[in-house]
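So, here's a batch of structures to check.
After this come two complexes, each holding chain A, first together with chain B and then together with chain C.
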Partner chain A sequence: MSLRTMRAPRARRTPRATGRPGAPDSASGGPGTPATARATRAGRRGEGAWGWLFVSPMVLVLGLFLVLPILMALWVSLLRWNGQSNPFSGQADFVGLDNYRALLTEDGLDRTLFATALRNNAYYVLLTVPLQTVLALGLALVVNQKVLRGRGALRTAFFFPSVTSSIAVSTVFLFLFQGSGAVNSLLSWIGVKGPNWFADPRGVLSLILGGLGIVDPEHPSGVLADHSFMGLPWFEWLSGPSVAMCTIILLSVWTTSGTFMLIFLAALQDIPRELEEAAALEGADRRQLLRYVTLPALRPVLFLVLTLGLISTWQVFDQVYVMGQGAPGNTTLTPAFLSYSAGFDNADFGQGAAIAFILLALILCLTAFQRWALRERGARTRRNR
Partner chain B sequence: MSATGTAVPERTGSDRAGRGSRKRAPRGQGRPVLPRFPVPARVLGYALVAGMGLLYLLPFALQLVTGFKTDPDAASHPLSLLPATPTTAAYQRLFGLSQAADGVPFLRWLGNSALVAVLVTAGRVLFDSMAGYALARLRFPGRGLLFGFVLAIMAVPGVALLIPKFLVLNTFGIFDTYTAMILPLLVDAAGIFIMKQFFESVPREVEEAARVDGAGVFRIFWSVVLPMARPALITLTILSFQGSWNEFTHFLVATQSGQYETLTTGLARFVSGGLGGGTQYPLKLAAALLSTLPVAALFFCFQRYFVNGANAGAVKE
Partner chain C sequence: MVTRTAVAALATCAALLAATGCSSNFDDSKEPAQDKAAKQNLTVLIATSGDAETGAVKAAAAAYAKKSGNTVTVEVAKDMNQQLAQAFAGHKPPDVFYVNSDQFANYAKGGSLYPYGDQISDADDFSQQLRSSFSYDGKLVCLPKDTSTLGLAINTDLWAKAGLTEKDYPKTWEDLRTVAGKLTRDGVTGLVTSDEYQRLGVFMKQAGGWVTDADQKTMTADSPENAEGLSFVQSLLKSGSMKFAKNVDTSWGGEALGKGKAAMTIEGNWLDGGMKLDYPDVKYAVAPLPAGPAGQGTLAFSNCWGVAADSAHREASVDLVKTLTSADQQLAFADAFGVMPSRTSALATYAQQFPAAKAWVDGSAYAQGPVTIAGFDKVLSQFNTELQSLRTADPKKILADLQRNGEQAIAKGN
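Coming up: the complex of A and B.
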């Protein structure tokens, strides 16, 4: 059930086409007979002009609204600009790398805020990516059970949250996690008094450690208080995600697991049946089958899902906008939201653009790593075949 | 059923599964490889799975029910699945039928969302398939470079472009207009990629036959290749509609006045406290529910194509 099914006709009807489906057609893949060759050559005349005509909307739109903005923002990130004048007329102060310096090296509020945003997002990534991957894999394994009745309906139910608007779903979660909301009512049934989710800035890790009596979250002392990194004391770095951030994490895991479940499901259905049958004949039980046949076969997809998750979780914005806007105590602040609010709330567009660029660089590095690793893997499997 | 222990499970298991999945599994995929679970495990398994299903459905059920509650009822009984005093007050307010139409111009949001989604979808279907076809089939200088450009664009995260986009719209003087909302979304790299993948699967013979008959490039594209691309076009239409209907960040930085608010930006401002009108959860949840409905309806009719879209991410490479 993927694009692979759409590619099927080619493989069947034109066995002579040997090129990899993903790659552009090789120029030499022309037809064999002289008659068609002549017709092709005649038809090919003017193809260059047609080609450029066909791609011109794409070049214009992507060029004007994706490439140009990046270049303009690169310039603005070197300015102190409040959004009022024309930033290209020389009226705004050129400050060089000051915006970046204020974020990364200089002591001050800007750096502390940026470090806080990085910490929040790092915990968000650290929890969301493994949770959603494991959940998606579990759901895919369940829905892939041939004997399970109603698995079509289940697949629909698991997938549905992924297609809805992030704003609408965040609204629902705001309602569910209110102080006296549905989740806390449920918790009270089993005798747990739920926290006031969205108003609770306490870090989960320091709550746990405090509960164990290892550290005192109210009065941190010693090494953790004496040292700081990027203007943020160590105990702040190590506090873990706040309770409020945890609701955003739960929301993300809940909404994205459906998409990744489908990716796993497609891979599960691609595992050759002979492989499983052979293992079953050898007397493998369920756990062994999962451990030695299914999971190894899923490894490339697992990598894909992990890296896709890693890339997307660094971009969390919509949920933050609806559910916290950084509050409480800046514990739901993320770099993406900080970039937005620096520009649109504090009229410091140079700073906002600089944050956007640091985020862009981070995400592009992750994407480059993913593509590089997947290409290696693809090349290896092709050679083995 | 009682005979399906671990000892002689083959026949019953295969019959049952075979019947269920005959339609979609031509190669005997339906038959389980391993014997069925013993009964207690099966009961436990079904209970767990049903619980998971509930976890995914309950939020939506609560959303639906709460829309028909009164404000105090929603606040004091957030978990009850039956409104104490059912009311359609929230919906009346949304559709402007009651007096208290304060700051929730829902119909305007709806109109803006529909307008933008329809135009963006039409543009994407046309321009993405044109570009996809050119990149797949037409030979012109710079094609390889352009495809590399598309792949690079696909890697650029949208949220890093919030301020950049505002800059460019502001410079062109179209900030806070419909043009700013629609024009930048008319082409998307992922759609081009999907269409290119598809056009590469169309056998070349079809085009060559048309070419021998004297058809020009545009005619071949429009009357020969495009009609063959129906499944891909449906996928692209659905993904584009869903994407533009749910789009938030772009509208957030492209507009600022209330008249351009869509369901996403309007609802987000309303919910995140911009209107300050207490909790009003029935109203908020009803608005959120209505804004979900069009995509939900599409989803239940064309789920297959949503699945295609989700897996398109897996073949990006």
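Coming up: the complex of A and C.
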């Protein structure tokens, strides 16, 4: 079944006549003559009312289940609320920005935990997003080859991890990466003694530095140990993802690259053949074709994939919940899980909400930065996407 | 354009207010109206350890229902903390439920528990440590469901193979060090236990220390006694005669004992059921934990039977709890899923019925109850996190962190 559905888009594809990839559609709704303008405006007003009427179910649903809860959570983040009273009746203490202060400026356990969670998640994002994007692009390029045999089967195989429940995959990974599990048995065949993956809190970077003899990971000293930022010594910030976190990174790269492969594949098939043919006529070899034709044409999709990746990796929760709940040594703690645990384990829902809003702000900032970094440059200024 | 935005904003605000006002579950009334009907419907929420426990609680509830004429529905929670938190927030909690000692103080502080301790005429029958763990503001809030203490479980085959006899069961820390060293060889580690204060805390207790003072008002974590206890553990870890369960590829001490990876472990009476189920052929004995510089010490664990402050059936609920914590019922539970009765009177009978559990029963005389301070969950889990690296870390630093984090949490709670 999947073979057929995977092949269908290509069969239906019709060669496009002309047009640069990603060029905006012709401008719609150009200005009319003054005589018709008034009539149009009146008609538009009627249309507007009808429009609101038609979208009102969705607006209601979104408002009730999305906007309202977000605003309620924003209010809760300003309270010290234990979850056992009505947060809107004044029974919970209003503490202003105290929850945010405890997380960002006040020295204490809350800030240390939050900083640790941010550190872990930053390394997770830094590794997962590029890896999954490159892997997805690579896979898409491979299965887009017309000469490749068994393309349908490959596409299905690559896409399969994405349709499997993340909880199930996480559980399987737990077994694979046990100290005496399948992965370590495989490694032992080539003479490598694998670590006890999920019980290993040592940071990968600190292991490398320790291996090079620059730092002693067990007794850090000097500048790195003496200075700290947000309650966490520099050494901790720089220690890199732990071995356990690397396993989670591997898992998420493996599960998500299939989805993004599909997105890339769709975009690849939208690149007009004529462009490639023209480039080939100009004497471009395969690498130049990829560099100067394919990749520029994929830019909007690349932005989409990076943005989706960035957002979902900053919100990683289910893998952490199943695989470690922060263990070992708080190295798989992430802000999303910390928010959950602040609410449900520590009965401090205000702080949980505050964590969620800081995370939201962080994601918005990073996405804005990414948009800026991936903007169109040079003389060919086009209308913004 | 500006007016349209303003209108939209106003409409949104009005809608939000309406929606907030209409949500009936946020309706607060100080005292819930009590149901006066002759027959009442009670719901009980439990976090079960397995089918045996679920079955035993259901049977007990059914027996009570038959006797009293009320109906009782027993539900099993998937994620107790989350389900209870949501139920409390929605003011629709179950009438009777298990309260984990980690969460007890949070719920008691939030006023979600109906303190029924003063209605129990024979409350003195429950052990003093557990009663103080489940008291808030000096009032006994809920009755301990059962109790468990820690003992030293020994794999008797491995013990004999190392040339040791029953006389060699360790009485002191030095004995423990010696036998652990002798037992460690060929893939067997002398002592294996979990890397958490719920096990390692016994050494702090045996050295004469503990996390807090007796009435849980001040932190006493950074005491020299605690440091002595953890340093002793550290010396065992460094010598290789003691390892944490995760380092020998097991999830807890019982698994290490059953798989023959550990000759000794520190576990409570739940070990019995686990061994019977997973490793029925492994022979083991339970000895009291060795005494430290300050004498014997162990830890006691328990849940309590909470009655919801929001319950409309408080009287019937307390009645149900009285039945569930009666001496006979506790003995029935002990028989069904291997917990120890929390009543001193029932404990004596239990000791006669299960002579193999003598070390655990005796332990309850000198056991330390769980820490129950509001907002302490994260403090203690941070302590556990730091204990994971006890082999290489400085025990004094770990305890200083615990002291600081605990003091902050206590200050925030008051």
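Quick note on the criterion: the second predicted complex is superposed on the first by the 303 of 385 C-alpha atoms of A that agree within 3 Å, B and C clash if a C-alpha of one lies under 4 Å from a C-alpha of the other, contacts with A are read in each partner's own complex, and residues count from 1 in each chain.
Everything below uses one rule, namely that a residue touches a chain if its C-beta (ideal position, glycine included) is under 8 Å from a C-beta of that chain, and two chains touch if they have at least 3 such contacts.
Computed from a predicted structure; not experimentally measured.
Undergrad: Touching A:166, do we find chain B (first), chain C (second), both, or neither?
TA: A:166 sits against chain B, while chain C stays out of touch.
Undergrad: For A:230 in the superposed arrangement: first (chain B), second (chain C), both or neither?
TA: neither
Undergrad: In this superposition, which partner touches a larger number of chain A residues, chain B or chain C?
TA: Here the partner covering more residues of chain A is B.
Undergrad: Is A:72 contacted by the first partner chain B, the second partner chain C, both or neither?
TA: In the superposed model, A:72 contacts both chain B and chain C.
Undergrad: Applying the touch criterion given at the start, work out whether A:158 contacts chain B, chain C, both or neither, answering first, second, both or neither.
TA: The first partner, chain B, only.
Undergrad: Kindly classify A:64 by the partners it touches after superposition: chain B alone (first), chain C alone (second), both, or neither?
TA: Both partners.
Undergrad: Using the superposition on chain A described above, determine whether A:297 touches chain B (first), chain C (second), both, or neither.
TA: It touches nothing on chain B or chain C.
Undergrad: Once the shared chain is lined up, is A:104 touching chain B (first), chain C (second), both, or neither of them?
TA: Once the two structures are laid over each other on A, A:104 reaches no partner at all.
Undergrad: Given the touch rule stated above, what does A:55 touch, chain B (first), chain C (second), both, or neither?
TA: first
Undergrad: Between chain B (first) and chain C (second), which, if any, makes contact with A:357: first, second, both or neither?
TA: A:357: touches chain B, not chain C.
Undergrad: What residues on chain A does chain C touch that chain B touches too?
TA: Common to the two interfaces on chain A: residues 64, 67-68, 72, 83, 86-88, 178, 180, 343-344.
Undergrad: Please output the residues of chain A touching chain C within their complex, sorted ascending.
TA: 63-64, 67-68, 71-72, 82-89, 91, 108-110, 113, 178-180, 196, 199, 201, 218, 326-330, 341-348
Undergrad: So in the complex, which bits of chain B are touching chain A?
TA: 13, 16-17, 20-21, 27-34, 36, 49, 52-53, 55-57, 59-60, 62-63, 66, 74-76, 78-79, 127-128, 130-131, 133-144, 146-147, 149-150, 153, 155-168, 170-171, 183-184, 186-187, 189, 192, 194, 197-198, 200-205, 208, 211-212, 217-218, 221, 231-232, 242, 245-246, 248-249, 252-253, 263-264, 267-268, 271-272, 279, 281, 284-285, 287-289, 291-292, 295-296, 299-300, 303-304, 306-308, 310-315, 317
Undergrad: Of all residues in chain C, which touch chain A in the complex?
TA: 12, 15-16, 19-20, 26-28, 79, 81-82, 85, 88-89, 102-103, 106-107, 109-112, 246-247, 249, 374-375, 377-379, 381-382, 385, 388-389, 392, 404-405, 408-409
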